[in-house]
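After the structure tokens below, expect a handful of questions from me.
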Amino acid sequence: MKTKVWAFFLLFIVSCQGWAAVGCDLNDPDRDVKRLFPSSTGYKTAYQSIEKSGGQALLKEVEALLGDEFQGLYETIDVPYTIYTIYKGSDIIGYIHGINQKGVYGGLQVFLGVDHKGVITRFYYQKLTSKKAALMRENDFAQQFIGLSWEDFKSYLPKTHEGGSEKVKQIKNPNVDDAADFYSTLRAVKKNLILMQVFVFENKERAQ
Amino acid sequence: MNRFIEAHDLTKTYSRGAEQITALNNVSFAVDKGDIVSVVGASGSGKTTLVNVLGCLDNPSSGTLMINHKVIFGEGKLLSEPALTKIRRATFGYVFQKFFLIPTLSVKENILLPSVFQPDHTPDDESLYQLMDMLGIARRENHLPSQLSGGEMQRVAIARALIHKPEVLIADEPTGNLDSKRSNEIKDLLLRLNQENGITVIIVTHNPDIAKIGNKTLELVDGKLMG
Amino acid sequence: MNIFQVSSKNLLRRKLRTFFTVFGIMLSTWVLVTLLGFNKGYEQSLSNSIDGMGFQIVLTAKGCPYEAATLMLKGGTGLRYMPEDLVRDVASRPEVLQATAMLMHAEFDPNKGENGGTTVFLGVDPKTYPSMKPYLQFKQGAWFADDAKDEIVLGYEAAELEQREVGDLMILPGSEVEYKVVGILSRTGTQDDGMIYLPLTATQKVFKKEGELTMLGIRLKPSVDQNAFEESLYQLPDVQVVSMAQVKNTIMSLVSSAKAIVMSIAFIAFLIAMFGVLNTVLMSVFERFQEIGILKSMGALPKDIFKMILIETTLLCAIGGLFGIVIAYGFSGLSEAAIRYFLPFAPTGSLIIIDTFIVVFSFISITLIGLIGGIYPAWRASHIRPLDSIRSE
């Protein structure tokens, strides 16, 4: 019996083909949603991609908003983005969305929780590889993002690390030795907010 | 005397449903080498049955048939189909009212068809062209049957019947499908074959004009020989 | 002129009918060749895929999880080690064609997920590992150099998770030593995708496991009796033997039941061809009833007629079969695409392999089947009595 199960397993794995790019999901959505939105009673999961929502034109638009190009093997048009819509009863109380961002020594998974208007309520590295990981994960650093929204990051330029609202300018890098991962994080937050605009808030406006 | 075929008391009966039909009734006659025998009679009088038995296409029910002094039927002898085939191969050539040429084969190929089944009887080119010349179809050798007139088709059928140099040519209503002009041509041809090549000819015919060429006439009425 | 020419010209008489019969036989042959080719190709590529997994036998310490998924489920605990001497001894046995030693290591990474997570590393020998896992292709870069210490190769998913490209740097959890990414593997669909590969000696050193190994992948010489060899391994203390042969046998027995279904479809194709031929030839015999009688009156023996009809049949089948083979060959790419479309779990590699054996076998069998279909009409024709045919006017 055991061999048979193995055989099926092998048959399956030697057969699978045609994979899509991998997105950024919560490791344990049930637990994570409850932690990020303690008052939530449920959530819905939706998968979006730039390719599906608007193709090349949308990619150009997103890049223009970001002030930077998509680059490398993994930041592609077909990356699926997972958006968790958080409910309390039948009301939407917010959204959770994470994106992958290239860091110096590994991938950063930057998750944001936002309320129904798009204001950041939680900032969270699901994954981080850094020599100073502990500093980056300190609560003080995360707190600086709370209350910010797309409007604050609109004028921030990831290429030059300049611009942004006063609040954005005041965010302090916890790692005084190296700013690379800090800047990557700011780019990730901006990209995260743009995609939330595209996939959630603009869709809602259009629907209304 | 040069007796070639001798028939004594040939009788052929067959049943059609419950009815017993006597197609030949105690027929006796003889054919000599070089004869032209006309077999005449009304429709259903047994002409075709008679030549089929003579030509070893069919066994008689009773009676004796001798060809070239050998007993073919009778005296308790009844031949198998392959044995009959062998006698037919050696002795007879057949011409029928319908020409039965193979439409996809040329004139020459149709004439050579019997030699496909008897490779040792394959004629040399000379005798083949001689035969075609004599029958007036030499210039048609590469034509298909569909390109020939009725008379030409019958002449091809005659050539096919003669290619293996049989001693007897059996022609069953050979002009039945032809107009009078073509019929006369065939009649003259049969005469020439008999006179120039010494072939014994047995013709079944309705046509009194054709029947006239026979030096012997067998007239059948209801399976019995008259006269 | 001979009987063959007569037969072949007979076929030209009803060109459309001959065409459709040949067409039918062609379709049957096409189906037959494609199915046989599929049978062979599917089995072979499946077998290749399994063989391509690299090892016939994996030797591990008793109770040691040998695959990353189990290891991660257990949170990286439970790894056991074999002494290097024992492993080297097995690897140098005469029955062994190739062997490669590995050290698997699971390290807790506090920065992975909310409560930390386990990352699995595999120390491999750059001299022997790549040649035993030939199906591991690179999306970027290549394996590390033989004597490399600070180089790293990532499985596709590991690279995606870490957002690494060739040339990027990496650090191991809890360490500040920088490693350079030299290669990123293409996707394989196996657990190799999530693996992080380090040079074996570097792994032993950095995780302080000098002289210890977790696995030995073995490939035997073709003439060696695998069961006997495995039996001898069981004599060693505290090792377990994981054999791919059992797994492969089970898969192949699953495949052979699928093959039985495919063969029965092929058999139906045979029957269709046979009855198609029987019908056509019988019809043409009936049409030529008188003509065959006349042939017999002019000296054709029953066996001549039998031969003539059978040659016609053989010709029909041979021509149809030939075209069928050509079409099967020409359209095998298309057939393969169709199979892949309808069969989502198709193995990689050529799914339809049409070799000389299949071509010859199909040609002979379709011709034979046609011949069988032609026997009855030929027998009927050979028994036509000249008199009956003339009478039937």
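Each chain gets a letter, A, B and C, in the order it is written, and its residues are counted from 1.
Note that in this section a contact is a pair of C-beta atoms (placed from the backbone, for glycine too) under 8 Å apart; a residue touches a chain by one contact, two chains touch by 3 or more.
Quick caveat: nothing in here was measured; it's all calculated off a predicted structure.
Asks: Chains shared as neighbours by chain A and chain C?
Replies: Neighbours common to chain A and chain C are absent.
Asks: Of all chains present, which has the mean Cα position farthest from that of chain B?
Replies: Farthest by centroid: A.
Asks: Please indicate the chain closest to the centre of the assembly, with centres calculated from CA atoms only.
Replies: Ranked by how close its C-alpha centre lies to the overall one, first comes C.
Asks: Name the two chains that are joined by the greatest number of C-beta pairs in contact.
Replies: Comparing chain pairs, contacts are most numerous for A-C.
Asks: So, what's the distance in Å between the C-alpha centres of chain C and chain A?
Replies: Inter-chain centre distance comes to 42 Å.
Asks: Could you put a whole-Å number on the gap between the CA centroids of chain A and chain B?
Replies: Each chain's C-alpha centroid was found; their separation is 103 Å.
Asks: Just curious, how far off is chain C from chain B if you go by their C-alpha centres, in Å?
Replies: Chain centroid spacing, chain B to chain C, equals 68 Å.
Asks: Contact residues on chain C for chain B in the complex?
Replies: My answer: residues 1-3, 5-6, 9-10, 12-13, 290-291, 294-302, 304, 385-387, 390, 393.
Asks: Flag every residue of chain C that touches chain A in the complex, lowest number first.
Replies: Per the touch definition, chain C meets chain A at residues 46, 49-50, 53, 109-114, 117, 139-140, 157, 159-165, 168-171, 173, 176, 178, 184, 187, 189-190, 246-247, 250-251, 254, 344-348.
Asks: Across the complex, what residues on chain B touch chain C?
Replies: For chain B paired with chain C, touching residues are 48, 52, 55, 57-58, 81-82, 85, 88-89, 93-94, 96-98, 100, 102-105, 109, 112-118, 160-161, 164, 172.
Asks: Contact residues on chain A for chain C in the complex?
Replies: It is residues 3-4, 6-7, 10-17, 19, 21-22, 27-28, 31-32, 35, 72-74, 100-108, 125-131, 133, 137 of chain A that touch chain C.
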